[in-house]
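The structure follows.
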Amino acid sequence: MRDHNWFKLALTFKGSVIPAIYKRVIFCGSFGFFISILDYLGVPVSFTNLDGVVSSIVLGLLLVFRTNTAYERFWEGRKIWGTLVNNIRNLARLIWVAIDEKSLEDRKAKENNMKLLVAFAVATKLHLRSEGVNSELESLMPPARYFKLKTMNNPPLEIAFWIGDYFQSQYQRNCLGLYQLNALNDVLNSMVDMLGSSERILKTPIPLAYSIHLKQLLLIYCLLLPFQFVDSLNWATGAIVALISFTLFGIEEIGEEIENPFGHDPNDLPLDAICATMRRNIEDLITLSPSASSFKDDNQIANIN
Amino acid sequence: MRDHNWFKLALTFKGSVIPAIYKRVIFCGSFGFFISILDYLGVPVSFTNLDGVVSSIVLGLLLVFRTNTAYERFWEGRKIWGTLVNNIRNLARLIWVAIDEKSLEDRKAKENNMKLLVAFAVATKLHLRSEGVNSELESLMPPARYFKLKTMNNPPLEIAFWIGDYFQSQYQRNCLGLYQLNALNDVLNSMVDMLGSSERILKTPIPLAYSIHLKQLLLIYCLLLPFQFVDSLNWATGAIVALISFTLFGIEEIGEEIENPFGHDPNDLPLDAICATMRRNIEDLITLSPSASSFKDDNQIANIN
Amino acid sequence: MRDHNWFKLALTFKGSVIPAIYKRVIFCGSFGFFISILDYLGVPVSFTNLDGVVSSIVLGLLLVFRTNTAYERFWEGRKIWGTLVNNIRNLARLIWVAIDEKSLEDRKAKENNMKLLVAFAVATKLHLRSEGVNSELESLMPPARYFKLKTMNNPPLEIAFWIGDYFQSQYQRNCLGLYQLNALNDVLNSMVDMLGSSERILKTPIPLAYSIHLKQLLLIYCLLLPFQFVDSLNWATGAIVALISFTLFGIEEIGEEIENPFGHDPNDLPLDAICATMRRNIEDLITLSPSASSFKDDNQIANIN
Amino acid sequence: MRDHNWFKLALTFKGSVIPAIYKRVIFCGSFGFFISILDYLGVPVSFTNLDGVVSSIVLGLLLVFRTNTAYERFWEGRKIWGTLVNNIRNLARLIWVAIDEKSLEDRKAKENNMKLLVAFAVATKLHLRSEGVNSELESLMPPARYFKLKTMNNPPLEIAFWIGDYFQSQYQRNCLGLYQLNALNDVLNSMVDMLGSSERILKTPIPLAYSIHLKQLLLIYCLLLPFQFVDSLNWATGAIVALISFTLFGIEEIGEEIENPFGHDPNDLPLDAICATMRRNIEDLITLSPSASSFKDDNQIANIN
Amino acid sequence: MRDHNWFKLALTFKGSVIPAIYKRVIFCGSFGFFISILDYLGVPVSFTNLDGVVSSIVLGLLLVFRTNTAYERFWEGRKIWGTLVNNIRNLARLIWVAIDEKSLEDRKAKENNMKLLVAFAVATKLHLRSEGVNSELESLMPPARYFKLKTMNNPPLEIAFWIGDYFQSQYQRNCLGLYQLNALNDVLNSMVDMLGSSERILKTPIPLAYSIHLKQLLLIYCLLLPFQFVDSLNWATGAIVALISFTLFGIEEIGEEIENPFGHDPNDLPLDAICATMRRNIEDLITLSPSASSFKDDNQIANIN
């Protein structure tokens, strides 16, 4: 069965790089075919000693370096969102356990702010995709805030401000110790760090000079191929050149696709699913009642543990 | 003796990649044999200048990059569980030493919560393997909690909540200073981070485009081999092609096997053994009596040190 | 459209390495042409077995290692500035939320110090570019400080001192708790760390021995090329040698360009844009009023959340 | 003189991999010699087109990846022990400076616990080498504790417990502030982390599948060599095959040797020397008298500084 | 101009590896010349099929891995000293701002201890270079301490003790809050960590087995070269062999030179310049007067900000 999957995966179209590169491949193949026509017509187009011009070792190393770099960005993006999940889980647990409830309204405020944590993640997602504040956020905050948010340059920063403001006000109401205020703020800082790190990956692609030079080498390499092969391959030149350019353009394209992992492509990070998981974790947590900060007495606690 | 082991290991079957790839290898070998039959029958199948189509340098670099990436995930998984071990050891020691005991019941509560630490690790293990809450966890917590746990989406998060709730309640009973509450919560946060990091490795394989393109290149490479070799190797073509495809599929398969290190395969992390070690460390610790938080007087302490 | 962009990018001139290397490429091409003249005149200049002298594998590996290292510096530089953005966002939020306002002047002082955070980033940028304190900084601080700053060796350090001094004085006026003072100082320390890390990248290029040896190998490699090729390529020698030297010098040049990412080149980090973003974030924040540290009463806060 | 050393080092036997691999090399050489006999006897054993079966690029990349990975483990092990040294130095300084002395016995207790820090490192060393608690530890702690230690599964954890217990008891005697208790416990946690990290490196070798597959490729490669070379090298086949297998087995062996860096081999970490350095640093420190926590008056301190 | 610099740098002698390797290169060249003499005399020394014995791919990968590893150590060393600079800047600022001055003597003590920070860096530098305590340190501390320092095994540790002792005594005089004492101690701990990390790089070279095996392969490779080339190159053999050995020994030598980056070589870190920068930063800081901890009143502070 494993082997069955192996072949099935090897022949998958959706998610592969083929849709992105087939035009370039056809272009190279056609150029190869054109050269074989010239060869057939007796034009002297065969140069068999050109294979050192762009050394396949150098090109291979550059391509793999390109893919490697892009993968590291992809994986760093994933780590950032993993850290965001961890932060939100920890912050939600700390809010639920550590902030004292003096009235029923306090519990409501806690729940609202735990929802704001999810809203932070959703707003970050939308911000990274250059999508405006939309209905996904509407159910996670009061309408007044929702409309305020629509006017901001950087909505997640605004939400972080609200959460930090809530912590500070709970501290001033003596529902939260000073030391715990700091602990909560540390996790909130880490959430803002994750926003900034995502923006960093989004806004800083691989240096232009590198990107251009690699494309130039690829182009030179592929366009020189027919001249080398036409003597021995004749009419098959076009097909073989297309195959070779497919392997090389494919590797470069992987780099381009995973370099920015925050979009909607099949190869991007499943940000929607991650946000949904956070939301479910928070809803689960709300079903549990903390023994410490609510109205149970100490003896009861000692019995449970 | 060392050399003896070397050869023994080289010929090991269990734990090697052979069981996973032999079908693909036989397929390629058969295809090679089929081509030699065609060659024997005079069909023109020999093309000796195809060896540049998939450059062995490019393929080699991609394969090694694949293995490298998978190994990094394996090793990151190991580090995560190492950190979990460290966290649980530190948290157990801090609970044992730092939480004041006002009655004998308090010591019992401490022991119960130290068991919950192990339960967190076990629940994480089961969660990562998509196995439900089972009897492994039953002995580590009261029945009421055990049944509650069976209903949750993410059992380890629930256990973390119980532990955090215990800390907060001890703080409110004045058995734990505010600073130390925070220190304990920091380690607990780190445990939840490790859960999230494990989930990250589990749920985010290498990008699909990469995985597909590598399989395509491997397939093209192996299927072109017989055409190159049939002229010189004749009937040996099948055997040699099988051997070559064995070396290449083997490297790719290693990547697939160690990419997700949380399963039950021989190449996966020994999570059962790690959990057992944690349990033993905690049981060892319980046999020692802390001089500080229990009822000994200060002079006695000064004498010991 | 994607393919259209691909070709357009491949043929881009600005931002590519061509302006930097074309003279070296022409030099090598001319040398190649000179050798073909000698060959034409019957001078025995053809040595076909020289291609192992500088192994193209070794040269390729060294070039890619060079690029890799330079890219890591570029990316580390970007991370440093990303962390600086995060620090300034977090510090601004904490100042805005956590420092108590006893009078309207206090709010003004908060705003001034939030501007100093941006001034720190701008001063770091100017310091890294060896540009003096200029008008960009003038609008971000009182004139007295601006003129004082013009006399310092390391302006950002001075600004950090002012910010730290402000925190300490707010603590002594009881507008800031001791713990929070420390939390603020921790973030400020991190900002000074980022200054130091940027200086480290700026002032420590790749070791001289490495840089020299790579240039020597490149030169030997390119100057030996004509002797190998003149026999088979004749008058095309110059062109082909130019093409090969273009691919190799180009890779080395990328390394040189991105090694110091703090300048004004198209391939450097967009420090001006990053500073502008920070400024906009701070200005956005000032439009929001914190519920906690200003004069609103607690009930009102509970209603909002 | 440098060149003299260079050649001397190149010809060193002790510490090199020769002792570990010479049998395998002789085996391969003998096999090569056996093939040349068969060739001499007219058996058709020459196949010159086998050199692509195990591509030397793929094998080279795998070997270097193997060495690279092993070196990273070696270096990580070194970092762990470096951190342990740092932790012990810092913890000793903090104990010496920060814990108040109310009587002469208190100073004695401080010295005893600073010795326990060294004992932790020594016990970790012995634990990693699977050596029991021995006389090295006897001089570093009271006899009662020494005998208790002999009965434990994980002696370093026990020592960490004693140290933590000492901190807690000093806090309860008001010789140590609560906040400093936390700072000391943080460093102690880091020491336990280093124990866990060392165990992680020790107990998790490179995945079995990788290790086996590499050995299989090496074996296939070396055993196919004689068939390729016998035609051109005749009786020298054995010698050359031995030389080639020496280079390759040597690289693999380096990986095996440095993968677990905690043993007694010449290539392992100098743990004994590191432990001795720690001990000397602690003894040096004890010769200095802290002005703060002992009985000197404040004026005197102000004069010194 | 850039190209001019390029060629100038390529031909630089000082700082290049030539002085270190020319003897080995001459040795190999002479050996090559000796073989051509034997060839001329008719001794059968030509073996053209030896080029696979030490595969240039494997050798190239090992050499690049060697350089890579050494560079990582160089760069880690630079990071360590960068962190040391950051720590000293932060600690100086915190001392200057946070420690209360009750008398003029207190300010003097602050200045003395800020000088001790520089002394720590200088002492670390001398310690790493195995140079004794010298006059560079004399101006940075009172004579009594200077002479005491001359008797210690590890002078920087002693200085760290003095600084920590100063912090503790200021805390006991109520010039420093407990929380800030800890913040200062954290940075001091980091300085001691940097000392330990530098020692780690200094005392743990690349594993001996690796170093030896690489030298052996290089030697085998270079000594086999003349036998391969003598047939085609005749009297040029010596020159070409010298050129090849120059490229390879050069790469290895770079690794050796930058592996320990703390010495006086042109390729080592500019530790003297770094120490001078620290000193200048501290002297700059002393020219500024902190508003918070000195005798200015609060209103004045509010006006400034």
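Here are some notes:
Per-chain numbering from 1; labels A, B, C, D and E assigned in written order.
Definition applied: a contact is a pair of C-beta atoms (placed from the backbone, for glycine too) under 8 Å apart; a residue touches a chain by one contact, two chains touch by 3 or more.
Keep in mind it's a predicted model, so treat the numbers as computed, not measured.
Under the contact definition, chain B and chain C share the contacting chains A. In the assembly without chain A, touching between the remaining chains still links all of them into one piece. In terms of their C-alpha centroids, the spacing between chain A and chain B amounts to 23 Å. Taking each chain's centre as the mean of its C-alpha atoms, chain C lies 37 Å from chain D. Within chain D, contacts with two or more other chains are made by residues 57, 61, 179.
Taken chain by chain, the contacts form a single closed ring in which each chain touches exactly two others. All chains join into a single ring; listed from chain A onward through chain C, they run A, C, E, D, B.
By the touch rule above, chain E contacts chain C in their complex via residues 2-3, 6, 9-10, 12, 15-17, 51, 56-57, 59-61, 63-64, 67-68, 71, 74, 78-79, 82-83, 85-86, 89-90, 93-94, 96-98, 177, 179-180, 183, 187, 229, 232-233, 240, 243-244, 247-248, 250-251, 253-254, 257-258, 266-267, 269-270, 280-281, 284-285, 288, 290-293, 298, 301-302, 305.
Listed in rising order, the residues of chain C touching chain E in the complex are 20, 23-24, 27, 49-50, 52-55, 57-58, 61-62, 65, 69, 105-106, 109, 112-113, 152-154, 157-158, 160-161, 164-166, 168-169, 171-173, 178-179, 181-182, 185-186, 189, 192-193, 195-197, 199-200, 203-204, 206-213, 215-220.
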